[in-house]
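Chain IDs A, B, C and D follow the sequence of writing; residue 1 opens each chain.
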Amino acid sequence: MNGTIFRVGCNLTYEVAGPSAFIFNIGVVTNSLQRVLSEQFETAPVYQVQESLSKLEEKRHHRFSSGPGPLRVSYQATVELNHHLQKGDHVPETVPSGIPSQVIPYLYPSRYCESDMLVRLAQHEFGKLQHGFSRVTAICNWIHDNVEYLRGSTNPLTSAYDTATERAGVCRDFAHLAIAFCRAVLIPARFVAGYAYALQPPDFHAYFEAYLGGEWYIFDPTRLAPQTGFIRISTGRDAADTSFATIFGPATFSSMAVTTELLQGPAPSYTTDAISTSSPP
Amino acid sequence: MNGTIFRVGCNLTYEVAGPSAFIFNIGVVTNSLQRVLSEQFETAPVYQVQESLSKLEEKRHHRFSSGPGPLRVSYQATVELNHHLQKGDHVPETVPSGIPSQVIPYLYPSRYCESDMLVRLAQHEFGKLQHGFSRVTAICNWIHDNVEYLRGSTNPLTSAYDTATERAGVCRDFAHLAIAFCRAVLIPARFVAGYAYALQPPDFHAYFEAYLGGEWYIFDPTRLAPQTGFIRISTGRDAADTSFATIFGPATFSSMAVTTELLQGPAPSYTTDAISTSSPP
Amino acid sequence: MNGTIFRVGCNLTYEVAGPSAFIFNIGVVTNSLQRVLSEQFETAPVYQVQESLSKLEEKRHHRFSSGPGPLRVSYQATVELNHHLQKGDHVPETVPSGIPSQVIPYLYPSRYCESDMLVRLAQHEFGKLQHGFSRVTAICNWIHDNVEYLRGSTNPLTSAYDTATERAGVCRDFAHLAIAFCRAVLIPARFVAGYAYALQPPDFHAYFEAYLGGEWYIFDPTRLAPQTGFIRISTGRDAADTSFATIFGPATFSSMAVTTELLQGPAPSYTTDAISTSSPP
Amino acid sequence: MNGTIFRVGCNLTYEVAGPSAFIFNIGVVTNSLQRVLSEQFETAPVYQVQESLSKLEEKRHHRFSSGPGPLRVSYQATVELNHHLQKGDHVPETVPSGIPSQVIPYLYPSRYCESDMLVRLAQHEFGKLQHGFSRVTAICNWIHDNVEYLRGSTNPLTSAYDTATERAGVCRDFAHLAIAFCRAVLIPARFVAGYAYALQPPDFHAYFEAYLGGEWYIFDPTRLAPQTGFIRISTGRDAADTSFATIFGPATFSSMAVTTELLQGPAPSYTTDAISTSSPP
């Protein structure tokens, strides 16, 4: 690989009122198009952190137990990206009989992507469009045109069904609705959480992947940051699978700072090309 | 008045397992544009029926108590209609400060018309259209184009919020969604239940009224029967206000037959004119 | 009357960005148990305020149009209360056949009180309890025991169906759930907004009325203020009917201050008696 | 193994109006406690069936493409069961820090098990109970006591959130609610579809597993069939993961017959013991 190099990181602080267990999901994954060159996961005070190694491509878990008091968690990584771009015109949809068994679950409804409840709406809007990459682009355009990006308009319980009707949300809501629409027209789709270069204000970002022509391609209906600067943290059916922290115990979130810097290579840019950022299934 | 004359009626049968109280809401109301010439409300076996007289324009109640056994309720009426038609072009919306206090409640969300949850969708689709009669027509057209009329697709719990997303329903669902859209763009709207000439299969019908230019005008997004053949039974915020039977006790619905015949005058026809069928508020 | 005398009032401020129309619903109603001795409704700048006079018992509307700029609305009233108290033991439920036609609508589901969706839960918890005043008390106790009073846990879209499951809310949510439970076991119930002596922090309050033995009796599942200090502003099916301000135009709410003082008579106290505060229907 | 032997099977018929692709999820899985001795998966007309082999423990896929016409699918298997029973008293809950990474997803909300929306209800009812096997039993008892088993009361869109409030459902709804309650009190739980000996009328069955003391234990809040006669077909987060047929194309379901016979060994019986039927994670 000879790709673009980024430094990403986050600092999270908590007030812990009693013994608590933490699972963090903020480390960058390695796959055939993205490689961690170096990284550090630290806690203050220092706790012994256990890392789960399985299924690196989908997500990683950093786990530890904490005593009471203030807690700071910081993650820093240098990552090389080698996104594969191509013209979307040549990317077809996969016929159902060709969808691999491990991709089939991404056709089913999930907590925040109730595709089963949106079949008529999706069929009405997208059912008759030409199949292929351009149909997913049409779904993104519809969302961009019909849903307002509005901080504070939704909460952790908000789902695609709500957003289809209430027409406002943030990046996670945009991704959920796009995923639900894709599944409703029989295109497998999944949720991706990541770091995003040039996102303002800096934060974790949410986008999605659609399974087309035997590969997963990324899409972002928010258009808030250039897709070639997306560094993948985790992949799942929806945000329920990828929350950056799962906490067992009386801990209160205090603050968060997320950074994404370009170290080497061309500045990321917006594109309408098809971008594949994970290994084929 | 010198209008069109209809004979309407219905036969309802029940199996009653124990002492029950019934409130029927199937009698035609009299207002300045519709007049009951003669009518009969009968039960078999014969029970003493109490009729509420207040607010004749909105709805009537026929009430009685029944013992166990089979029950038949029949209503027949001869009604003269004098619908007032005019070109819709000249019908403006009423500015909010001009809406009478007794009409204000029809701006608020109700059980089946959650206009508060549909504001963004309604504003996006209808917010920038020219105000007036044509805007309500645009709402009806949108529903006709985007929602499938499909028997059995909904149930008594279905509301406008569901229909906005699930995109299928029957006449009551069409009316609920239209009402919710109207209220969401600040046009007072209410639900009407009635008899409808030439409706196939014969049944009670549901449509709605919007308050425009100081009058209530009827609309029907289903386009299933000509509007000049609609005979009003009751008016309310939504179907919760106008159910044809409210039953207290162990009674089971068995069968229903609804009839609407033209006795005298021109056959009702579809129109795109503005039709006012109730007295001004 | 020779009752307790209160001074109530509120100050509301808005930023108005362009021509707007306002309808306020903050004035105290007069009925056979509550009487306005004197009152003032003022705006700054001074606008001409139109007051709707009809149906004084249910609610009043103060309406005006405003130009751009800061707006202050203030209402002050001196009110005499003559609540009628009696032992609840002797208050029966009204059999369905005895419910007057004008009370029947309070048996139907409404926007925030989806009694139709809560029938099984309500029947399971309250269906077999002895009928009468004590059954409504049991509904209030269940809510007090099972739902947490938690500021900020709900929003204007929250309904009884949500609260039945999510188990947290504020006074309006408590009232909505109680009303839905009552209707689901065939007790007519309605929403009341009012001023409440000794409520901390001072605010408008929401409680409800159940129709029992031919009268409306008030109940408050929050237990946050003594019921004999409740001064009625408006009555409706639920909060959709009684919002204190309906605004047409680009106005933003800035601040609110509500006051309730005792001027003369005994201090209000908590009671488990049956309190009737409106005229019989 | 030297266990009980069952013959299970199903016959499914469809009318296929055009080229369609099918994925069936009706084959019995093999794990350390259940073993397929022999099996046949047949279609009429005969189509070439592709079987996915991965992750045998969770579920299997039989896939094929069909032309138009009537279609019959039949599956027959002979299965040996070796359920492991023990007293539940000694089965503790697993502390969060001890939950393996691959089990963590079963703590998250899913399409039909919105544990995030049921936290307060679950904590109120089950939060203070003694931790361990008996707490999951208490959840099952609550559901059995509060939810009515009623065919036809729910549909494929019904979720745990609905059932918590509407209080009626079938086996899948019972399992969904139990899973949601478990997750809401931090016990990992997952959905199991299977064949069930002595279930009346014969049908596929749905139950659930809770992760306790490092193992998955099965529970069935319906109490409709003895747990030692449950033969596992598939496991997932909820019914979205385990539907017995996924169909792409114009095929209509016609009929279904499911059979479960005891061939050898003791008749299954109801038990309050802890039953583990899958290999440890």
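The rule is simple: a contact is a pair of C-beta atoms (placed from the backbone, for glycine too) under 8 Å apart; a residue touches a chain by one contact, two chains touch by 3 or more.
It should be emphasised that the depicted structure is a prediction, and the values quoted were computed from it without experimental measurement.
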Given chain C and chain D, the chains that contact each of them: none
Geometric centre distance via CA averages, chain C-chain B, whole Å: 30
Centre distance in Å when chain B and chain D are each reduced to the mean of their C-alpha atoms: 46
Euclidean distance of C-alpha centroids - chain A vs chain B, Å: 47
Set of chain C residues in contact with two or more other chains: 117
Touching chain combinations (by label order): A-B, A-D, B-C, C-D
Interface residues, chain D side, partner chain C - complex: 117-118, 120-121, 124, 146, 148, 161, 164-168
Contact set on chain D toward chain A in their complex: 21, 23, 52, 54, 61, 63, 65, 95-97, 101-102, 104-105, 107-111, 114, 116-117, 156-157, 186, 240-241, 243, 246, 248-249
